[in-house]
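Following this line, the structures themselves.
Across the two complexes that follow, chain A remains constant while its partner is chain B and subsequently chain C.
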Partner chain A sequence: MSRRVLLAVAAVVLAVVPFYADTSLLQMGLFVCAATIGAIGLNLLSGVAGQLSLGHAFFLAVGAYGYVALAGTDDRIGLGLPTWLAAVLAPALAGLAGLAFSPISSRLRGLYLGVATLALVYIGQHVLYSATDLTGGYDGRPTPRLSLFGLKFGDDSGITVFNVPLGQYELLWYLGVVLAALAWWFARGVVAGRPGRGLQAVRDGEVPAAVMGVAVRRAKTSAFVLSSVYAGVAGVLYALIVGRVVPDSFGLTMSIDYLAMAVLGGMGVVGGSVVGAAIVTGLPLLLGRYVDALPLLAEPGSGGVDPSSFARYLYGALVIVLMIFEPDGLAAVARRVRALLPAPPAVRTHPSTTPHPRGGRP
Partner chain B sequence: MTGEQAAEDAVLAVEDVALSFAGVTALDGVSFRVEPGTVHAVIGPNGAGKTSTFNVICGVYAPDRGSVTLGGNRLTGLAPHRIARLGIGRAFQNIALSGRQTVLENILLGRHVLTRAGVIASGLRLPSARREAREGRAKAAEIAELVGMSRLLDRPAGLLSYGDKKRLELARALAMEPSVLLLDEPVAGMNDEETARTAGVIRDVRDRTGVSVLLIEHDMTLVMDVSDRVTVLDFGRLVADGAPDEVRRHPEVLRAYLGGALGETDAGTDAGTEAGTGAGTEAVANQDQHQEDK
Partner chain C sequence: MTKLIELLVNGVSLGMLYALISVGFVVVFRSTDVINFAQGSTLLGGGYVIARLSPHTGFWLAALAGVAATAAFAMLVDRLLIRPLRQRGARHDVAAIVTIGLDIVLLTDLTRRIGSDMLHLGDPWGNAVVNIGPVTVAQTRVAAMATALVLIGLFGLAFQRTGWGVAMRATAEDTEAAMLSGVRHNRVTLSAWAIAGALAAVASVFLTASPSPGMDAATGQTALKAFPAAVVGGLDSMTGALVGGVIMGLAESLASGYQGQLTFLGQGFGSVMPWVVMLLVLLVKPSGLFGTKAAARV
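Then we have the complex of A and B:
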């Protein structure tokens, strides 16, 4: 029950955020949503199924550019499809890309798979830079504004709730939160169910898994495709947030960031990826926003430690400390904390978020 | 249960199987038949080829020669997961559990061959997947009860004692509801009480489901106690095959299997060199298994 209460509280908090947060804060939250979806996808592949991938950025790029090209109406190659349809087809395209790569990925494992997927990033970025008719080259392409259920995700949707006009980012916020929640829910079902057990068996030993009746190559293929679809969804959302997709974003750094999110949160634990995504994506942005308030940080370019470098040092240190003391990530830390707490009801441990039924106390 | 019907006519026949690793012979023309509903033991010194035989039956190794059939199905040449679907369940000698998963989840993995839910059905919690999961948990609880692990269902397998891990191996293989159950040293490292319990479980399952059991074991008390038939291997060759009492008195068996203890006079210097090659064969086999595992 307490779990349901927590989820309900979280839903309410997330629903009212657009009424209080400004655009840059919303944007930050949206980046975290997109990263959450992508990180869960990578966690399914690398954490649950044990298949190391450095190619996640490639599949995000397929999702992002796929959406732009499918919905595009500018002078580049574009199908001009309805944007909602493009947003559905782009992740499917990413899944197809994952399937196309599976004859390779299902035969390799460990570092060899890592290196093979690394090649995807290099090839992908090369194509993004050079196929200018499709990708716009170095300068990229603008993202067509999404229109969903007749709702235009523009600067002014014409909808005003409680005197707050719902602009592009307010609407995207709701979309992002719903998509991230669905991604989390779906992944938990997969991991707890039959396919998840098969994938974990493959991770823990391919020979025993096969003898137990798990079709190993098929399982690896399905993990790769599922992870690619997740990356595709993250890519579409990312494209919508930034408003313009450029090849620079989809490099090795992005792949590594996603790996860091999965490891930091806890390999194989879906909920961990949410926290990992929040830290890796949110921390630099948050520090950047409040740079003035932090005594030791300098403005970018002024010679001191700038916030984004500081955030990287911080999470670099965090990864190292975690890997030494708790290789299973923040999810395992959370488990330990829960074990230490005296009472099971999570409600009591978070008094600040507990709704007061009678509302009488301050 | 699928096991009950399949076991009716499912004779497991190993015919003239030969296997070698980099020129070292692991199996050399091994043939035997496991009759439905019987407990059939495979014994022999270390390196005799017992586990290699299991690996050939399961499809982990492809034999150089010979074949394995189950009922009318030829197993040789099939992928391991297809062989599992045809009704071969196996408990590993070197524990091969998912350490991070709970006892319940490990047992449920055994039901992989009996269930269907895919990514979409599980992700969306479709009614079919939920029903399957519910049935699976009930079955797994039954099996845990049978092997005496009911209280441990929620414990991660990695935290179990050695004896409990061996029991979980057995439980997971039972969960596959196989028509032939391959047990590789199921009581290794167990005390007398645990051994007796496992022997009871093996007999119980055989009597209730009609499963055939192929058993590798060094514990002769257990072998003589539960087996209907015993096959003896030595250096990859079949030395004897028969009822426990016959095999126990077989001169070849006494010489080869108990050679160190009884046959000192005629074994002499030979024993040392033979033991050396025997150990070498096993080392190669283990190494190979190791590579497969990576």
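Then we have the complex of A and C:
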């Protein structure tokens, strides 16, 4: 019961955010939403199924550029599809890309796969720079504005609630939050159900998994495809937020950042990815916003430690420290802290309503 | 024809550099089962030390300092970050992720320090070229080839003939059995990391020397092309690292050289060529050309 109350409170808080937050805060929140979706996808692949991937940026790029090209009406190659259809098809395209990689990905293990996926990032970025007719090359392509059931996700939406006009970012915020929540919910279902058990068995040992009747190659392929679809959704959302997709964004740094998100939150813990995404994506933006008020940080380019470098030092170090002392990430740290605290009264008075019948991994 | 020969020579020279770096991957992987994703930024760090010192101390002293610095750094990494994981019996990809975290920190710091500068390591060869008949090759390329050959040769000799080499090979074969026979595992891994670090600094000198324009923050990514070399060779094979490196160097050099005929592949296709070759090889042989096949029958 208390869990439902908590969820309802969270939903209300998230729903009223656009009425109080300014555009840059909303944008920050949106980036975190997109990153959350992508990080959950990578977590399903690398955390739950144990397949280390450094190619996540490639699949984000497929999603982002897929949307732009499918919906594009500018002078580049574009199908001019309705934007909502493009937004649905682009993640499917990313999933197909993941499937196309499966002859390699399903046969390689662990670290070999990590290196092989690096190739996707470099080859992908090369294509983004070179196929100018499709991608716009170095300068990228503008993202067509999304419109859903006649609702335009732009500042001209014409919707005003309580005297607050709901513009582009306000509307995108709702979309982002809903998508992130769906992504979380679906991933939890996957992890808790039969497919998730299969993937965990593959992670813990391919031979024992096969003995127990898991079709190892198929499980690895489906994990890869599912994670690519998640990346595709994140890519579409990312493209909508930034307004123009450029190849520079989809480099190795992005892949590594996503891995850091999955690792920080806790490999295999879906909820952890939200925290990971908030730290890796949100922290640099937040520090950048308050750079004037922070004593140790300098403006970018002034020679001192700029906010985004500072954030990278911080989460890089956090990755190292966590891996050495608590490889299950912040989720495990939270569990430890919770074990130290006295149990909350709701649980103490109704021991029969303990929220985790599945045991472990909240 | 002349062009082809020049491209082949340049390719082999570049390939030897990749081999040098991937020997670093292989020696660490064989002794500790860790893939060091921070190798690229270690290389950048070595190059940075050399570039900053060489105006004051001259090139040779600076190079020595750079090599010492990266070797010491790599040993610290093994001692402080990797050994605790080993003692706990953590999975190998946990250690790989630690090196990724290290790469984030190191690369952020070096990128911030280098900024948009182009650093020069002050090597003594400059723009000089060697003419053999009609073929013209940059002196740095010849020096790179010679250095790499000597280092890899020495390394191979030490591997086969010295007590240290025996300990190293025993560790790679079966770590536990080697420890039971009196091999000091921690020393073996320390030496492996030191070699990998030192080789990275050596490679940084030649990767950034003419005809390449110098060292910028992206040089570390160039160094990552030793990954395909190591993987194609099979990650746990020294011969494989050498052959893989040369294959990658040749592929890159030829694709760049004949770019005019390959315009449909896009500008600068040569530099992604190693990654393409790696994927093609992995399609056919998932454990590389020389790698130990992981046999499992169910």
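Odds and ends about this structure:
Note that the second predicted complex is superposed on the first by the 343 of 362 C-alpha atoms of A that agree within 3 Å, B and C clash if a C-alpha of one lies under 4 Å from a C-alpha of the other, contacts with A are read in each partner's own complex, and residues count from 1 in each chain.
Following the convention adopted for this analysis, a residue touches a chain if its C-beta (ideal position, glycine included) is under 8 Å from a C-beta of that chain, and two chains touch if they have at least 3 such contacts.
Everything quoted here is computed from the prediction, not taken from an experiment.
When the two structures are aligned on the shared chain, A:110 is found in touch with chain B and with chain C.
In the superposition on chain A, A:268 makes contact with chain B only, not with chain C. In the superposition on chain A, no contact is made by A:339 with either chain B or chain C. Of the two partner chains placed by the overlay, chain B and chain C both lie in contact with A:206. Set against each other, chain B and chain C touch different numbers of residues in chain A, with C touching more. In the superposed pair of complexes, A:192 makes contact with chain B only, with no contact to chain C. Residues 109-110, 206-207, 210-211 of chain A lie at the contact with chain B in one complex and at the contact with chain C in the other.
Residues of chain B that touch chain A in their complex: 58-60, 79-81, 83-85, 90, 92, 96-101, 105, 108-110, 112-113, 115-119, 121-125, 129, 132-133, 172, 176, 289, 292-294.
Those residues of chain A that touch chain B in the shared complex are 109-110, 186-187, 189-190, 192-198, 200-201, 203-208, 210-216, 222, 226, 268. Interface residues of chain C, counted against chain A in their complex, comprise 35, 37, 81, 84-85, 90, 92-98, 100-105, 108-109, 111-112, 221, 224, 227-228, 230-231, 235, 265-269, 271-272, 275-276, 278-279, 282-283, 286-287, 294, 296, 298. Of all the residues in chain A, the ones that touch chain C in their complex are 50, 52, 103-104, 107-112, 114-116, 118-119, 122-123, 126-127, 129-131, 206-207, 210-211, 252, 256, 259-260, 263, 305-306, 309, 312-313, 315-320, 323-324, 327.
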